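Below, each structure is written out as structure tokens.
The two complexes that follow have chain A in common; it is paired with chain B in the first and with chain C in the second.
Moving on to the complex of A and B:
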């Protein structure tokens, strides 16, 4: 067998050599170049072997965060974040419902865009990953020990939370900028009075370095432009944050035309350290607000939602020298900073060129007050004074740029559907490869940090068309993996993704795999309805509420026979999984439940509500094949008429 | 029919083996389960009635010296650990999901008992007695509750009081 594999590989490699088309043949219109190389070998992770990187890909309009292995492109898990997930009960169980609470009430869906892994000294540290909810502005923190959404904070005064969630280089702040400017505070007013009256908020959320807990430190209230994407300064530019803007025209209708009038929009450069100092000295204005802060407690296995009632706002006019505008051609989309922190790339999506600003020149222009007017009192720097260089005509529709550790940049081009590699500093185009089709973000592991791991580039594509077997009008989304270790980028693999993948973040597997939790310790379970022993297993009535303290282990529920429940009762199944071994979750489902099932991890307690509507004897069962006796893992609840006088009783293994 | 049963048995045994992941290969950072092997033939004598006071089982426990008298303090701790982690499947004096611990030390060595607590996956796979017990108890797996050796030792002391 092994011999035949060797022969196979030799054949493949030989074939690759013979038919070598230098991997850069743009005529191969469907990009099948991978077939003529040993690409298969380089993405093949043999059964039982593990991938080299974790890739966290935004779930787009699924609202979730998906976890892939690279280079195999195998999906490992979908982590529920902003959307309910009936697969494990997230957003359905009593413990997790508070995670999706907002000032608008329970919001069970969002549009998740930009995951970013926590950093220390500008390098990935693998503690947490953050992601934004775009539609109902929220930021989530997912712990990379539990691979679980541990916290969600709503962003007030924001709408279309798109230039988010990007983090400063010691994870001091997670930053969330608004794409849609709105009246701040919200009020009833004519839409056509937008100009000058709508505002854009840029929110700096502090992160506790021990617990990861988030809290809004301040909101900078900016002119009513669209704040599209953002990136923190790195290394020498640490302390600054850069936001691309479009619609500096302040159009409120037909933006397709009306927001594309100005020759240049801006990158807003924010000296957040200066504002932080201002705020720490009592600056800013506390204003009324209403936003949810939801936190999952690892020991009670339960989330709480707290409504916060005020937020500190800062008017940029009050902090001189903290905010400048860098003119940047044609509605820049991605805003990217190279690993040295010197270069700020404006990916002007309607421009044919890429504009690169110099941080050093920017500081010099500020110091020498080389301004070219102002916008709403904010100084505009002179374009020529701060320009580091231009990548000339690299393609059409530049969106995003990532970096490797060798001074190369990789920019995605949506319209011309390609990835272009260019040299930072000389601005020379080194390579271009077609992408199938219409790439949005690109991602290199650590490629937005001070320390990229430049082995792979992942293109996150907007259009799939004919790349997979058709599945009716609605297709999967798609990613493509390139090897970028050589002079030329080499397409290795296509793989499907969930939702629309926007940004992604990846990290070497060994940095987090070793920390991945296996079980929750029963001894640390502080859930108020946990039951650990036969003596704890019980059923308690409180009016119409019936609380079942149940536990489970391979392969039975305790209790598994319950009588005395009545039509009209609200039954809470509080179930504790007593297993203390890795990969032995149990599931729970009960007939006619109007919510979902729930999956209970070893050592955890979860609660599902069931409201029986009919008299009868109704079964429940374990949904996750747990042992050879899994099919025996079941029980019954007897539901009697509302006026029945049958007392509550419960049992396991008794006649 | 008999053949099908044997195949079924082997299959289900293999399934149980795949359940846990207590053992890690030293060179494997992410804790993959060890490869499974075909089970040995089934004995006809009920394993729960067999007496074997020499077999120490397979696992970390090689030698245990029981004191002349029962250490009641240790036994009390063992009772607490037992009640918290084991009663979902074991009743003290009668068969439940698994066998009763009462009288266990008249049939098994303390080392065997502790290895069964600490290393159930390998025990039910490679220790003939433990393997037969698994089949006798309908293939209901002995859950690895990840006890410490100290806790397992405390439980042995508790079992001496039963």
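Moving on to the complex of A and C:
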């Protein structure tokens, strides 16, 4: 008996050892090098200290833009862009609702993909960041002084605004290409007549260098392929823009098979300077369109939405020498240009190799007409003549490539779930590191510019699985930070992200932190319903509309009691935050509001509509713990029956 | 007495710095104010160290019932002080010039210094009275009425000079550029006195 207990005991011990070993194996196979290195120190930003980089990561299907600090991976802000944000009232307040207006009416959501920071001479300048809405095609411009969406322009004749929003090297243009080709103009027609009838638009949006204001300069109407991603030429190739395509088969059904048949698809090389010149000389065709242009005014704190009714289109056939196709194997996804502007990388997502085109050879092939046929009249350059090199068998499913300043490239592989470092020019693979799991885009600060800051590489992963504590079937998304200063890439940190991070853009913190606004000056507030003193706080009835000109300062609303509102009224709370002190926002919420709260920054005015449905006395309060007397910051609205004859009155502090 | 006269003139002219630079500076730092709030006291009025500091100090002070920081037109001092300083500059320069051309004795330099010292002391006395009034004459309906451990009501007079902890605030009150210019200027008038004395003896 005793012996059998001993045997049992040793079995238990052995099982324990085995499971311990399993645990260890599992850990080491995940490349958690942090345990054996000083990785923790390298991402530790001590309390009170600040990160070295701002990273702007697309919010994906959240529609927003998230702001992270690197190397800590701490989230600094979710910056609302294309989706309503009840947390601060974006898209709910009267001032911000016009920002989400489109030709389809109010669209409260989008799928944001590719942020790109403005540049001057091919280097990041930190003025603005642009991002695309993929679903209802739009481009947004965010000012990096206020960290606020300042402008959104809708893109007509586009669908699945995916090869966007990439900028030229002096921010002359933000470029938006369509992923889905559609009938242009839209019309009722059989889907199986796709081939030859659907078109793809590539839109060049000019940017005013002073104000950042966007306007569509022209739309290039291309054959009905899927325009997947794009990047600008830079330095020597400045003036060109490159778009990957897939579905050059022009399939319209079961694309996963039918659009994967051609051995090669194309990278479309667009000489936009040539088209710009053509357009400036009166070229192109103005066609009817209907698209929204929404602009936030910093001084009225209010957005306006204007519907624009025409757009200038350009047929590539009308501008000889402006558009060429570069054959690129197997449905290329990412289209990346190295910092010198010489190499154009086609990440053929179904290919085992990476194809690199040479810009110099491309020009030579154009000059010497080394063509290999044409597609819809657009010359196809001969593959062999423009090929710079091939990175052989680097991994499976290449998606995107970023660059450092030392002539290295970093390509993400979705299928083999790794990032591979290779040498530009020799095409030799230098290092590979697994990522967890299935990386989409990668990002190096300034990696899409002439001047990358090659200290970190962020892998923006598509699959999370077991990287964090489980939270049911729906998980957060995940990013991973690598140190790329050495010969080998070193994994330093995992951190969760919002939505699905597609592309990201990062910039040294000192380039924008110093410009970050602390308050809005009341003296510059031109909101028509602003109220600046006790004397101009008032309540005005216009039929069923009741306008409350309210202000607030620690720690009261003025007025705080309002009577004379009736059931069926539409009550506008126009509230001005009189604070002129950094980080003293006040919030406002009223019981039963069918929208959201609003968070009002010092010096700003915002408006929330409230439609009281029941007789009673209803409270409102400050939602942001503003001061020691925050809990006292409240007020009441007396709501009387619709037929009541109680006059409007309001008060503050009377006994 | 040429050298002494020039020193006297330079010394008095340094007082003109008060029209450009603050006399005194009071800074208020707290955990929530990593960038301290501050006020610069000029002879013509009080200004915030940053654009909105005065408004923000007033906003905080209203909790403990302090009066708002006076505007220039609300205190006679901001009208009189510039005139007094202007007068003393003119007087000092005249004495210096007269000393330079030998019309007055070096003792006038010391006389100017004594007069300026008396006026300065009066100014400091007046400034302190204002600080006392500002820190102790509190609104009886103040939102927060703190008491000392012994039960007496807490008051909030900032230090005339030096550092003091007041509630959550670290208060620093120190002379500013203008004050240092006066100190140097007045010192120069004393130097002028001694140099003048030496020069007179050499002549004699």
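A few notes on this one:
Here is the rule we use: the second predicted complex is superposed on the first by the 627 of 655 C-alpha atoms of A that agree within 3 Å, B and C clash if a C-alpha of one lies under 4 Å from a C-alpha of the other, contacts with A are read in each partner's own complex, and residues count from 1 in each chain.
Note that in this section contacts are C-beta pairs under 8 Å (C-beta built on N, C-alpha and C of every residue); 3 or more make two chains touch, one makes a residue touch a chain.
Only a predicted model underlies this, so the values are computations on that prediction, with no experimental measurement involved.
If you put the two complexes together on chain A, you find that chain B and chain C bump into each other. Looking at the shared chain after the overlay, A:510 reaches chain B, while chain C stays out of its contact range.
In the overlay built on the shared chain, the residue A:67 is in contact with neither chain B nor chain C. Looking at the shared chain after the overlay, A:628 reaches both chain B and chain C.
More residues of chain A are touched by B (comparison of chain B with chain C).
When the shared chain is aligned, chain B and chain C each come close enough to touch A:553. Residue contacts after overlaying the shared chain place A:590 against neither chain B nor chain C.
Residue contacts after overlaying the shared chain place A:229 against neither chain B nor chain C. By the touch criterion stated above, A:492 is placed in contact with neither chain B nor chain C. Counting contacts by the rule stated earlier, residues 519, 553-554, 579-582, 628-629 of chain A appear in both its interface with chain B and its interface with chain C. For chain C in complex with chain A, the touching residues are 35, 51-52, 55-56, 59, 63, 143-144. Those residues of chain A that touch chain C in the shared complex are 519, 553-554, 579-582, 628-629.
On the chain B side of its complex with chain A, the touching residues are 12, 15-16, 19-22, 29-32, 83-85, 87-89, 96-97, 138-141, 143-146.
Contact residues on chain A toward chain B in their complex (touch as defined above): 48, 50, 510, 513-514, 516, 518-519, 522-523, 532-534, 551-556, 558, 578-584, 626-629, 653.
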